[in-house]
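Below are two complexes that have subunit A in common, paired first with subunit B and then with subunit C.
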Partner chain A sequence: MEKIGLKVRARAKEALENREVDEVMGWKKGEFWYDVYPVFITEANEADDLIWDAFCVNNLSKYLIQKQKENKKVGVFLKGCDSLGFNQLLKDNRIDRDQVVIYGLPCVGMVDPEKVKKEGLNKGLLEIKRSKDEITFVTKEGEKKILGRQFDYDKCLACRYPNPVVYDELLDTEIAREVSEMDRFKDVEAIEKMSITERFEYWSNQFSKCIRCNACRNICPACSCEKCVFDNVNAGVSSKASVDSEEQFFHITRAYHVAGRCVDCGECTRVCPAGIPLDQLNHKIMKDINELYGKYDAGVDVSQDAPLVTYKLDDADSFTEHGKGGK
Partner chain B sequence: MSVEAKETVMGNKNEFEPLIVAFCCNWCSYAGADLAGTSRLSYPANVKIIRVPCSCRVNANFVLRAFQRGADGVVIAGCHPGDCHYSTGNYYTRRRFSLLTNFLEYVGIEQERFKVDWISAAEGNKFATVMNDVLEKVHRLGPNRKLRDARWKR
Partner chain C sequence: MQRIGVFVCWCGTNIAGTVNIEKVIAAAGEMPGVVYAKDYQYMCSAVGQNLVKNTIKEQKLDRVVIASCSPRMHEATFRKTAKVAGLNPYLVEVANIREHCSWIHKNKEEATKKAIALTRAAVAKVALNTALIAGEIGVESRALVIGGGIAGIQTALDIAEAGYEVDIIEKSPSIGGKMAQIDKTFPTLDCSACILTPKMVDVSTHPNINIYTYSELENVKGYVGNFEVTMNQRARSVNMEKCIGCGICTDKCPSKKAKSEFEEGLRNRSAIYTPFPQAIPNVPVIDREACIKFKTGKCGLCETVCPAGAIEFSQEDTKITKKYGAIVVAIGYDIIALDKFGEYAYTNHQDVITSLEFERLTNAAGPTGGKLVRPSDHKKPKKVVFVQCVGSRDKTERGKTYCSKICCMYTAKHAMLIRDKYPDIETYVFYIDVRTPGKNFDEFHRRAVEEYGVNYIKGMVGKIFPDGEKLQVHGVDALTGDTIKIDADMVVLAAATKAKEDAEDLGRKLSISTDTNNFFTEAHPKLKPVETHCAGIYLAGACQGPKDIPETVAQASGAAAKAIGLLSKDKLVNNPCISEVDEKICSGCLACTKICPYDAITSKVITFNDHGKITKRVVAQVNKALCQGCGGCTVACRPGAIDIKGFTNKQILAEVDALCR
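Now for the complex of A and B:
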């Protein structure tokens, strides 16, 4: 990854020097070993701050909405999952393709700091380096190498698009990873097997953890409404009262609003401070769409119609007896 | 009012009377409800009809809000696919609410509490049957507590 990091910095510097772009978006190292945050740079000498390491998990594509309002040409580094989000924003007419230069970064997976902490490997840790699936833990005492994917985010283990699906330049060679489509929705199937009361209990417990921080909404490349229904105080859907029904309302609505547009990047689950498995909600809707209305992967192909804005005359449904889609 | 009469009134109050909210499309199902009425078919008075221009006008928030504010069951009724006054509206309804039907069940709301059906203007009979059917099922399930706002009072 270090070699690619050099390329990232060189490319950003070059682009800014030649005024190919007005601004470059990338990642910068923070104070701690797991700390990486997005930066927007406008000067070529700032390009030295940019990094590419095992913690560059943040999706940069959503910041483009704000940047485009400033009428700037932006260069942006996108991983596979980020590029799906980019395509979705493009499809929702939230960004202008001509105003963006995409530097694609094939990604082997990102390291979950929580998993490192759980293994107790975070003591005295200075840095984590990664090359393919070999992770090097650098401490004061020395280096320790561990081979394997046990520290990857769950969402990275299930990643289906390690290579960007849209880019102008690819900064690394494409990665071949075997992905099994078989167990993509096994989390959903496990919940479907529960009884109705168990299911309600399971979800109420999950939803009641919600602190309504709206992080899942803000990170989501499909949740890009200028004014969200939950920001409209007069709509009466968000009185911030601490009652279960409001949390249930929020989560059902959130998942339903991204139906057919969710690119399955898993960011909502990652950022949730309460640890609510939001992806299990999104997966259910995706699974239903695939079963009822044909296979559809949001963000992969911009020219394909999203399932909820189109129809067929002989569609199946899940509510009439002859609808074939019922349970 | 005599004491006995008062007691029967009180007794009736304690008995569970489900509240069903029915979103009916202006062109078919609302007219269907009208026909059910003019044909003197009996359908329960617990059904509160909300008239919408088209079944696809209903969004998921309406349904959730109804449950939140006291509904024990929600019905969405529209024209049969192919008969939409606006040509294509109910095709969208079909996709959207197929997903919502499955999704509500997934988060633990009983399937019987949420029903989507096609009722044309000529189907007064079907309107009465569907409403009676939903009411009966909801009655059997008992009052809905799921999704209900804790501050809600009847």
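Now for the complex of A and C:
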């Protein structure tokens, strides 16, 4: 990753020097070993701040909405999962493809700090370096190498698109990785097996943890509305009372709002400070869409019709079938 | 503070019988914004309307709630009343305390509570109503008739005679429909062809009528007064302009093994064929599945013999798009398949036939030249048994629950025709009930029994099976309880009628609904029998439910009258309850454009000043003339940027809140 980090800096510098773009979006190292945050740079000399390491998990594509309103041409670094989000934003007309230069970054997976902490490896930790699946823990005492993906985010372990699906330049060689579709909906199947009462209890418990911080919404590349319905006073649903029904209403509505548009990047679950497994809701809807309307993967192909806003005569139509005495 | 008036209607005892009106009035008086509440026996009467009018003026009401029947019934009435009194008609709300309350409840106390809740919801909504102004739209003064049977023909002729252009679209190669197949018609026994073919000629020569045969409706866009219809005219493989209808091609065609649809499969036809000699247009069509040229590339004999050079193997389907002000659906009916009625041996014995096959067998232009013979051995039958209600009034999966309505009469006709031509043939009719209401209908049936000696047996047939040359028919006489055994030579089954297979599909394309049996649903079973719930689309004939010819023709003229009424208008008043985009909130995802069934939403780029920064983005844009106010977009809009005027999210939630209070 370090070598590619050099490329990231060089490319950003070049692009800004030549005025290929007005601004570059990338990641910058923060104070702690796990700390990385998004930056926007407009000057070539700022390019030295950019990094590419095992914690560049933030999806930068959503920031493009604001930048583009300002009529700026922006260069942006996108991983595989980020590129799906980018495509969905494109499909929702939130960004203009011509105003973006995408530097694609194939990604082997990002490290989950929580997993590192759980193993107690965070004591005296200064830095984590990654080369493919080899993780190097740098401490004052020295370096320790561990091979394997046990520190990867769960969502990275289930990653189906390690390479960007859309880019202008690819900064690394593509990753060939066998990705299994099999386990994708395992979480849903477990919930589907519960009785209705069990299921209600499960979700009631989960949602009751919600503190309405809106992190899930703000990180989501499908939640890109100019003004969220939950912020729209005229919509009549903007109340944020801390009661179970409000929280349930928020999460169910949010799941339906991203239905058929969720790219399964798993960011909602990652950022939730309360640990609500929000991706399970999204997975359920994806599974249903696939079963009812055929396989659809939001964000993969911009030209593909989204099943929930496309009507075909042979669409599954269980309501009318029931109405006509069908089974 | 608003000044809302609430008017509660008794509807005679319809509402007052189940709802305590006094309590509703008392409760309404307490509702926020209500300054006046009054009841009357018939609010829709002139006296009732005057009460509303005068009160609006006297009490200076700025909003009105009428608690009465369904808004489908009298919303328009009370909007007009308000308008006369100088109030914007869209400041009136109707609380449906009849259909939604008094008619469906028995407990007066509970029903009264519900009536109060419904009134409270309407009051909460009307408080948020705003004055709306209706616009106007033009009308394309041309009608489309779907289906070229007697229903379509009559409709087209009536509309054309009124001076409007009409197009008929017919799926098969010729107009005429089922009536063209029929021999004689009840109750007068005049020949079907003699009364139908002149009408077919009238249609084909009328300067206002265009016929598209061998064509199917593909897609319908638009709305009342302005439908845009795309049809697919299938390749006929014969040039309609050049063909002189000489028929040499059909004679010479070497492929003669296709079953004739017109003859109900009782005769074969050539691959290039005209369905029947009086077909309109009298231009043959090549059945590409049967044609040797299309199957193997060799042959082309028709092309060689055609004196007009009209054969065009290379013809392709053509798409035609036209605009229409009104559409009349007249696609007719079919009869059910009898493969599930094993006891009647229809599928395995040639001499068990359907009534429609019988029509061809007894028709002078039919496969036997009108001579009644058994299809199996061409011998004259001695005993013919008719079985009625085959699949009609049948609650099992294989049949239809309804009465097919026409079978009693045509069976009497068939038996009578046999006895008239061949007094030596015995005829038996098995029936559940004989249903012959209609002008001169019962007299007709009595004649069959009394004058022609047709033997009517009340009871059903249990089993039919071949026995040598004969067909054993075993049934029960329900009146005596005796088992009846008849050694028949021929059996005629009155198979149930059914809606066309593609009725539901067509219904979807037109946005009109079908019932559980796939017959199209009329807007009101009594008062709007030819209208559908989609303005500008009307129904004629058996596609709406089983019908005989007199009824079909009457309904066709009814549908034509409705269409003419619409086409005669220069302008239609638009519904102002259409959707509106809040550009500040719209994110430009354009899910609404994809959901909109009327293609009424497009997009545009707007620039605006965002705290001093000039920014631009895509937003949705509603075409006011195209939007029909269906509300689909408001549901698809995540941020709630699109709303239906008169039915805003806020209004609906206010209603729900009021109901929950």
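Everything that follows uses one rule, which is that the second predicted complex is superposed on the first by the 315 of 327 C-alpha atoms of A that agree within 3 Å, B and C clash if a C-alpha of one lies under 4 Å from a C-alpha of the other, contacts with A are read in each partner's own complex, and residues count from 1 in each chain.
Simple rule for what comes next: a residue touches a chain if its C-beta (ideal position, glycine included) is under 8 Å from a C-beta of that chain, and two chains touch if they have at least 3 such contacts.
These figures come from a predicted structure and were not determined experimentally.
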| said: One more residue to check, A:L170. First (subunit B), second (subunit C), both or neither? | reply: neither
| task | Give one of first, second, both or neither to describe whether A:L313 is in contact with subunit B, with subunit C, with both, or with none. | result | both
| task | For A:Y293, decide between first (touching subunit B), second (touching subunit C), both and neither. | result | first
| request: Tell me which partner A:D92 touches in the superposition: subunit B (first), subunit C (second), both or neither. | output: second
| request: Figure out whether A:I146 sits in contact with subunit B (first) or subunit C (second), or with both, or with neither. | output: neither
| query | Which partner does A:F249 reach: the first (subunit B), the second (subunit C), both, or neither? | reply | first
| task | On the superposed three-chain arrangement, identify whether subunit B or subunit C touches more subunit A residues. | result | B
| Which of the two partners, first being subunit B and second being subunit C, lies in contact with A:K227: first, second, both, or neither? | second
| request: Give one of first, second, both or neither to describe whether A:E201 is in contact with subunit B, with subunit C, with both, or with none. | output: first
| remark: In subunit A, both subunit B and subunit C touch residues 229, 309, 313, 323, 325
| field | Residue numbers on subunit C that touch subunit A, as the complex places them | value | 505, 508, 516, 584-591, 594-595, 603, 610, 613, 615-618, 636, 638-641, 649-650, 653
| note | Listed in rising order, the residues of subunit A that touch subunit C in the complex are 69-71, 92-94, 224-229, 232, 234-236, 257, 306, 309-310, 313, 323-325
| query | Can you name the residues of subunit A that touch subunit B in the complex? | reply | 188, 191-192, 196-204, 229, 237, 241, 243-246, 248-249, 252-253, 255-256, 259, 281, 284-285, 288-289, 292-293, 307-309, 311-313, 315-320, 323, 325, 327
| field | Complex interface listing, subunit B residues touching subunit A | value | 60-61, 64-65, 68, 81-82, 88, 91-92, 94-111, 115-118, 146-151
